[in-house]
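Input: structures, listed below.
After this come two complexes, each holding chain A, first together with chain B and then together with chain C.
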Partner chain A sequence: MKMDAPKRIAGKTIAYVVLISWTLITVLPLLWMGYSSFKSNEELITNIYAPPKALLDNKNDEYVVIKPQLNVTPDYDIEKDPRERLIIESATISPERRLMVHFLLKEDLSAELQNVQPGDHIYVSQLPKDMQREIHWKTVFFNYRSAISRGGLGRKFINSLIYSITSTFLVNLFALMAAFAMSKMQFKKLAMIVGGVIGLGYLISINSLIIPLFLLLTKVGLTDTHIGIILVYTAFGLPLAVMLDTQFISGIPYSLVESARIDGAGTFKILMAIITPMATPVIVTVSILTALGIWNEFLLVLVLASSEATKSLPVGVFSFSSLTSTQLGWQLAALVVATLPVMIVYFIFQKRLAEGVVGGAIKG
Partner chain B sequence: MKHSKMRIALIAVAMLVFFVSTVGAQAASESGAGAGKVVVKAMAYGDNSNQEGVNWVRIVDAFEKANPGIDIDYEMLYDEAYHQKVVARLAAGDVPDFAYMGADARWGAPWKEASQQYDHRDLVDWNYFDQSLIPPMGPNGEIYEIPLGTSNITTVLFMNEKLMKSLGLSAPKTYEDLVAMVPVARAKGIDVITIDGADGWAWGSCVMSTVIARISGDPNWMSKAVAGEYKFTDKAFVDSLAFLQKMVKDGVITSKSVLVDYGANISNYSNGKALFMAQGQWVAGGIENPEVANNTVMMAWPKLPGEPADAAGSVAAAIQVGYGLTKSGASNPTVRDAALKFIEYFYSEPETTQRLRDGAIVAPVLKGYQVPSDLPSIVKQKVALAQRAPNTDVIDAFLSGDANDALNTGMQKIVSGQSTPAQIAALVESLVKR
Partner chain C sequence: MKKRDIMALPAFFALVGPALIIYLFIIAYPIVYSVALSFSDFNPNRGGSWNFVGLLQYKTMFSDPNFWHALKNNLIVVAVSVFGQIPIGFVLAYILYRKLVKAANFFQTAVFLPHFLSTIVIGILWRRMFEADGPISRLMQITSGDPSAQFDLMLYSDTVMYPIAFALIWIYTGLYMIIFLANLQKINDNLIEAAKIDGASEPQVFFKVIVPMLSGTILVSVILAIAGSLRGFDLIFSITTQGLQRTNAMVLPIFMYQTAFQNYSNEMRFAYGAAISNVIVLISLILIAISKLMSRKTDV
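Our next item is the complex of A and B:
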């Protein structure tokens, strides 16, 4: 039965409008985040949508010569490199806040510039070419440099990877084991009870458990440890994973299990050699849901991780915002650092992920 | 068979990754202890976007470099996140060895309730710190923490002098002078006083603390009320709450103040959107616009209606917070000595001078400290205010828990017209009695 042309055109138009709108809603914030991460804090406050200018157009920026101070942290090892430096601070980007500061080797400067005094103003264009180039790139990536160095994003990035990869692996492993037992082994009543308990776990919110969980982990010495946080993430990831896996594995014919048993395979062998390969679609689905959830998770790690050694990226992003001061530029740069890996993984495995999600949805 | 082996190998590799990553990361996080270092657990105050946090990280790095045998294992949080985590950690028995703490109802109560306050008098080197500048914090003169500086003035009016002059205005001497500025400010599209009314504590600490002392004429009205000498339903307190209503009615503060948070308040003032800002002395270092910061005058609130002459020019001030050992930290001599070493480093003269320049403190508590002559203008303003203004009680240094919360919320309700002063006064009184 064919639709007539006007209806088809109307249908297509509506579909395109909806899909294009949805794409814009999804993509525009990412684009905004990307270009805004190259804007200064001042630009972000004065006009949140304007394109970046202050950090990119910096060839003739004005700087003020300042005295060495405790809150001006050198970007070189002062013990290994005792050569004299001229310290300059931007007069336009976060002026007098000691954030955009450069340490210029005096021996590389002209005689005139070597003799400038604190309070004197100089322009980037007055400096030697290689210094101009260095300052140019440092200014362009000011937000990224600051976010990574001040927020300790490198270590937090590794922690996020550890939590996401390890917890996702454990969630998949335990969920498959539980699901296999519940759907293919001969203890239906016990499976129903276990299923009920796991389902209950899915209904309990993180917020309501966070304080008892903190007290419990403290008692067993697992707060502020990677293992403690991984175990908590694994526990919170299991209910949904077990439910999805159980539903999926139930659809796999029992005759396959029986045939494997007749061929002499043990329970673990059946799980690994028969069930796991067939459950790949649901494993992919569970992995996406779990890994993304952990990568973006904030509250648990904020409470359970005390030291910088155990905090993850979302806490790092949050740390640039407080009541007294918000470094929006740094925060956006940190967000890009946190978002980029997820986007890269998505683009690389886009086809496989789509197959996995669809496969997981329609069962085996 | 080949596939099966492959799978087993993959599982083994995955398990190995898990083991190495978790155990390795664990070892890294506990490397201090493993390397035979003295590990000192600390709770610090600040975050990566503010000077306090940035300075803390820098000082810890420098200290650990200078003292390779000591590892400062810290957790740094800011504002409510800090207060809530303190309570959670103390409840869980995860007590830091030293922490940012105070001795009053807001900053000291959790440590007191957990019996973790420790008297520092016999530990502190009094050739280093000036005992006369550190007020007693306990009933027997105990000192529970080393304040970052002398008294912490909470009721400051920051005046944008340049903006005032451009509008032909001069510093107000009375409240009526502020009212007279309203039409001038409105014509310019700006506010007379900006306040972070969305923060309940700001009404208590930065406005009401001085209003009750001024209107009652008793600088210690609040501590006496908490001790039962006055009632919160007394005329002085109800009149003080009514003064908030009057300020909104007169246009000195807008009812929309209750939507302004801490950052927006400072931003409004820094961007010339108000003639004055009501906040505490610590904000002096947070005014981001150098032109406004350099043209700011820090002053006490002008004479209020009905204020007795002897209360004139007073400011509310509390003992400043600082770092102190906990009872748990002090119980281990090795940890205690390492923590004290760090505390002395943290309060060293160069660091204290930097803190003074950053506007974080009023005046240092170091013995024989010479104030540098080249301090920024706003810091000089602060020191001058501290020297000339008599001090009165800060509300949340004495009033705590539900009563303080009800008062803070109640003041927001009064300003936004949802409650009357008498209702809030009665509610606070009932909660104090309970």
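Our next item is the complex of A and C:
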């Protein structure tokens, strides 16, 4: 029995309307975040939806020459570089707030420009070509430069990378070892007990143990250290990894292990040379899920990290957004810095991620 | 065989050891510690001596109006997850499954994306979206023609949970869509064809064939939603501004965090905070048990 045509068309129309609207609701805020991160604060105030212009179209920007002052932080090392500079500030982007400032080397300027006085106006088009180019890119990425330097996001980005990569490596290593022992060695009862104990951890999140974790790590002096944070991430990554790895390795025929053993391979050799290469798909899935979870984790670092040296990107972005609440453009740039790597990983591994999430959900 | 087994025992423990030791120290021991802490009067300012005080912390909690306020908000979050994210996710998955649209892959990728983004980032993004001079207010001004229109739901204690509920649905609907889609694709097409040959209409196929077959998946999703929304901290912490707004939208994990790590005047802040944490876990176990019982009843 086929559906009659009008009904079919109606069904299709409803389906398209529902899906397209939900997709727009999902994507539009992210698109707004993306293009608005290239808008100046003035543009965001006057028209919150307009496309970016002031920062991108900067070939004829007007600048004012200013005196060296305490509130003008140079972007070079004054101690090591005593060459004379001309300090100019944008007359259009955050004027008179000392935010959009360039330090031009006087020796590279024409004689006429070397003699301008504070208060004089100059145009970007008057400057030498390579200076124009540098100012162009610095202006385009004004929000990003400000977010990264003022929020210390570079260091936090590296910390996030360290946490994600190290913990994910340890999770994979330990989970593979445990899963191999549990599924390919003849201790079924022991394996069940170990598996059950570790599986329980799947029900517990970092959030529900944050107080005892803080107290215990304080006692052993591991708060505010990379090691302490990596240890916790590794532990909480294990339950899912052990489960997915055990499932996968159980499917590898035992005869492969047996014949390698007859050829004289030791347990460790079998794990590294036979099991690990075969388990690459599950290792990739576990790695991405674990690394993304750690990249986005917030509360642990918020509680454990008290110094700038150990803070991760989400914590950095969060405190940056509370400190600079009037600079919407900078904040949006900080949000993009934190999400762009994730989006790239997501678009590359989208299929795998979906499978991993479904597999984890159903066993959990 | 037996002899080789015993020889292999050290190898077994060498392999399982690292995972087991880290797990026991970082997860299992803290669970026990947390329970013990909640029955004590542990005072970090007094050198950290412990005394057993029975249910004192729990009694304090149940007479604390902040706890009930946070619990109420938390239950709203649970309801939004179970009755908002899951049905919408199901509908979207069903549309994709019945191949009613082209470019299914594109839609799937877009809707699933927010699940992987930092919840903190999403919270900050929606905080800016919902601001008095933000994009949503502007949209309201454009559509209504009234230049003074403002999105003000975030400002009042009795409406703050609406925008938060929306943001929660925005993040997690894609997750349930993916879970349902994967399980829908396991259904044998012949069953649906057979039902249709027997004269079942499209809605009948949906409610009488598809929904019952996915009851297990629905249960798993409900459990995920309950556990996830009770422990959720990041979104509400970052979508609200510090102070009154965050107090209005308080949920149990934030209440726990503020009690243990920000309220320095409370001498027993860690013990009290541990009690709150334990209650969060307990409530989620109870709700999960209830949903399991209910699903068993409807199956019969």
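Basically, the second predicted complex is superposed on the first by the 207 of 364 C-alpha atoms of A that agree within 3 Å, B and C clash if a C-alpha of one lies under 4 Å from a C-alpha of the other, contacts with A are read in each partner's own complex, and residues count from 1 in each chain.
In the analysis below, a contact is a pair of C-beta atoms (placed from the backbone, for glycine too) under 8 Å apart; a residue touches a chain by one contact, two chains touch by 3 or more.
What you see is a predicted model; the values in this text were computed from it and never measured.
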Discussion item. Taking the superposition on A as described, I'd like to know which of chain B and chain C A:Leu215 touches: first, second, both or neither.
Written reply: both
Discussion item. Going by the contact rule set out at the top, does A:Val303 touch chain B (first), chain C (second), both, or neither?
Written reply: both
Practice prompt. Scan A:Gln117 for contacts with chain B and chain C and give back first, second, both or neither.
Written response: neither
Worksheet item: In the superposed arrangement, does A:Ala15 touch chain B (first), chain C (second), both or neither?
Response: second
Discussion item. Output check: A:Met177 vs chain B and chain C. Expected answer is one of first, second, both, neither. What do you get?
Written reply: second
Item to complete: Quick one: classify A:Ser321 as touching chain B (first), chain C (second), both or neither.
Response: both
Worksheet item: After superposition on the shared chain, which partner residues are touched by A:Ile198: those of chain B (first), chain C (second), both, or neither?
Response: second
Worksheet item: What is the contact status of A:Ser255 with respect to chain B (first) and chain C (second): first, second, both, or neither?
Response: neither
Worksheet entry | Touched chain A residues, chain B compared with chain C | C
Discussion item. Going by the contact definition given at the top, which residues of chain A touch chain B in one complex and chain C in the other?
Written reply: 45, 211, 214-215, 303, 321-322
Fill in: chain B to chain A touching residues, read off their complex
3-4, 7-8, 11, 14, 17-18, 21-22, 25-26, 28-29, 47-51, 53-55, 57-58, 73-76, 78-79, 81, 85, 88-89, 91-94, 199, 261-263, 266-267, 286, 288, 290, 293, 350-351, 354, 357-358
Worksheet, complete the sentence: Given the complex, residues on chain A that touch chain B span 45, 69-71, 73, 94-97, 150-151, 158-159, 162, 165-166, 169-170, 211, 214-215, 218-219, 223-227, 230, 269, 272-273, 276, 302-303, 306-310, 316, 319-327, 330
Worksheet entry | Contacting residues of chain C [partner chain A, same complex] | 1, 5, 8-9, 11-12, 15-16, 18-20, 22-23, 25-31, 33-34, 37, 88, 91-92, 95-96, 98, 100-101, 106-121, 124-126, 128-129, 133-135, 138, 170, 173-175, 178-179, 182-183, 196-197, 199, 202, 217, 220-221, 223-224, 227, 231, 233-234, 237-238, 242, 253, 256-257, 260-261, 270, 273-274, 277, 280-281
Fill in: Residue ranges of chain A in contact with chain C within the complex
1, 3, 7, 11-12, 15-16, 18-19, 22-23, 25-27, 29-30, 32-33, 45, 48-49, 173-175, 177-178, 180-182, 185-187, 190, 194, 197-198, 201, 203-205, 207-216, 231-232, 234-236, 238-239, 242, 267, 271, 292, 295-296, 298-299, 303, 313-315, 317-318, 321-322, 328, 331-332, 335, 338-339, 342-343, 346-347, 350, 353-355, 357-358, 361-362, 364
